[in-house]
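Chain lettering (A, B and C) follows the sequence in which the chains are written, and residue indices restart at 1 in each chain.
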């Protein structure tokens, strides 16, 4: 129990190590409706892996195919070098924490957790030891003899987690694990999940539609849209270098400015231009609000736009400005220069800008 | 819900009155009556146990026969209904509500209609015989299909099936898909899942389904008359005969009370057995 | 009602209509639906000036109401349909004021008269009584009078002959024992009506011409015979006489102990004939009687007389497929009804073809069977 998430992150990517979960050409279609398009994905041992996307993007179907609850139309699922594509969930080295948890209401917390071990016909003493250990891990000692209807949402969540973890799965699958909890509890459970992952060092794969949750928990994220994996990588990479316009707006906040590249130079519809090598085509320029600068803070060689200051809000760590551009667009900007706020008034004409090293130029498709 | 005790009492009053007036009152009257006697169409209100003695001496066999046939019907109906409800709940997908609707519709099909339908199926010139002759499987109509205890079991099972489906479906609806998926994920095969997860949570539904079918079957006297033939006189037929032809309400009441007691005992026994066998270990 | 000529649709539709329409006497079993319907019937139109409390078999009330009698006389009937005639005895015992008139089983009338449950009838107040067939009045006299006074007024009658499907049975059957021939094994039935079963078969088995007054030994012998017949010969014991018609129609049986009106109910596909076997055939006459505590004897007389009138007779007879007792109604009677009953030969019918039974003993004497013994005997048959 020494391998920590931090070392797992540090050790990636590592092409020479075979992945724990290897998906190849995995596809699921219902009639003419394609839920998951042919997809390749590698998950390394020790990963805390997020399948992130809006509802209906196919992320849950993908998770269920890994767990064996949904049979793929084509492609293979390999876990630990074994092809498990045709195996049911009861035969796979995976366990799942279900959305809604699916706790057995007629069993106590302890009985719920012990159920899988008893099915596996483990000696009673071992069952007891392992159940006790896991109950300690998820801090349910006081509730062990209660039935699920006497538990709060967070407690039920921990029971579901314990029931799956006690099986010591090679891969733990979690379907929207925190969706049913309120905000406060969700934050606490995120911490709890990180702690548990750290202390047992297993491999967790979870599905979420909440990019904040993905960022908070995962060391690796696969962003899914319309049945396809559109980008896969570490959180910083996905945030800092979104590969598509969809990702840039789905993950965090971003200014997306349309323009056109012609002869190695991009000209924005809102004005402003800069040199950029590439084919002649319509493009969008993506800039994060915190990478934008305002007024006198503009650095040398920045791309500059002029607009009207429409709003400024003090949010504690930063001030959020909204600048309306003459063409109808707008720019969101986060600044930590609190003094600047007092020099600017709403309706002032202001200059905003950024240096080309913080922008992403993407083909507009 | 209102909290005011006066208002609550007023709300509960109609149901309580109906229960007392139309259920408990007559029931107590019949129990008391069963200790009286009748001679020359005249009621004697002196306490006697002779009616119960006669239940044992004269009707013991028919009570036992009724018990056996009602048990058979209740077991078959509950098992079939469980399978049906299970299909509707977990396998039918979008067809589920339609299937349930069809079940409800057949419930309104009526009692006599079902009896006559089965006679049309099983009779000498019935659908089954005609079909078998057309197919060349038999040369002459077989007569043993109708007018025997089997026909009573078939008819009453058909009639009672919807009564058993509804409570079972109600119980099964309380079991989420996630529970079944979780059990499977933890390594449970279908039979284990049924025993460990589904049945324990279905106990109230099973009990109600069994109770409804058993009580109705045990008290029936019309079906045995119409499809049971010469050898299928159930206790209800003697209740009716004593009550209507002999005008011996006390004897009739004692027989009815005895059937009720046997039925209630059976249901309590089933409950105890279920609790024991389905307890989480 | 045109039930006689209605084409047969199919088994289900026909039998359903049987279950739903009123029936003559001794439809022993109608299921919960009919019982519920009967319970709902109380009350009638409360606005009528006169209301009478009636207890009778379902369908018999049509005799009383024939010719729009109720509306013309601003009268209403508070009806209770019976499942057994003994209910009338019990009701008159417990609350005599609750029965203005009823149709007690005629063999029980002398006993009821002796008990003071019925009022003697003043025949002057029943003008139509003098139009009744004399043969019927003679046949009814022994049971419907007590100490030379009439306590019941005959309005219809029926017999329990040997019925058979003449499409299959070519030779007329002349003995009840013909029903036990091997070719009718599994093809015959009796009704679940102990009264007629013991009257019919008691006579056959013991030769006692008063089958309601058998000795215990004779009853025992009859019971044993019936058990043997039930176990080894009968297709079923029919729940009702209507059920017998259905059994004929569905070709379940070829022969049975039945009643004349069963024949038309069996439909046109089967030609049902009947005979009055040489051992004797039971017949019974139905009459209206007045409760001893009626508050309105004049109204009761008026409505009973209407049941005996041409209008009442025609309405009730055609509706129930039962015979008339008033000779004046004969010219207007339908051909169908005439074909069922021996109106041409009615004088000798009651003296040569059928027998009128007498009352059972009510109290056991150790040698002769009482009513309770008959019921016990019937249950023994059922249980066997």
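Convention: a contact is a pair of C-beta atoms (placed from the backbone, for glycine too) under 8 Å apart; a residue touches a chain by one contact, two chains touch by 3 or more.
These figures come from a predicted structure and were not determined experimentally.
Q: If you average the C-alpha positions per chain, which one ends up nearest the average over all of them?
A: Minimum centroid-to-centroid distance belongs to B.
Q: Which chain has its C-alpha centre farthest away from the C-alpha centre of subunit C?
A: Chain A.
Q: Where the centres are mean C-alpha positions, what is the separation of subunit B from subunit C, in Å?
A: 35
Q: Centre to centre, by mean C-alpha position, how many angstrom separate subunit A and subunit B?
A: Chain centres of subunit A and subunit B, defined by C-alpha means, are spaced 56 Å apart.
Q: Using mean CA coordinates as chain centres, what's the gap between subunit A and subunit C in Å?
A: 87
Q: What part of subunit B is in contact with subunit A in the complex they form?
A: These residues of subunit B touch subunit A: 176-189, 192, 196-197, 200-201, 280-281.
Q: Which positions of subunit B touch subunit C when the two form their complex?
A: 40-42, 58-59, 61-62, 110-113, 116-117, 119-120, 123-126, 143, 146-147, 222, 225-226, 228-231, 233, 237-238, 241, 244-247
Q: Note which residues of subunit C are touching subunit B in the complex, please.
A: Spelled out, the residues of subunit C in touch with subunit B are 10-12, 15-16, 19, 29, 31-33, 83-84, 86-87, 89-90, 93, 186, 192, 194, 230-231, 234-237, 239, 243, 250-252, 362-363, 372, 375, 378-379, 382-383.
Q: Which residues of subunit A touch subunit B in the complex?
A: Residue positions touching the partner: 67, 69, 88-90, 94-96, 98-108, 111, 115-116, 118-120, 160, 163-164, 167.
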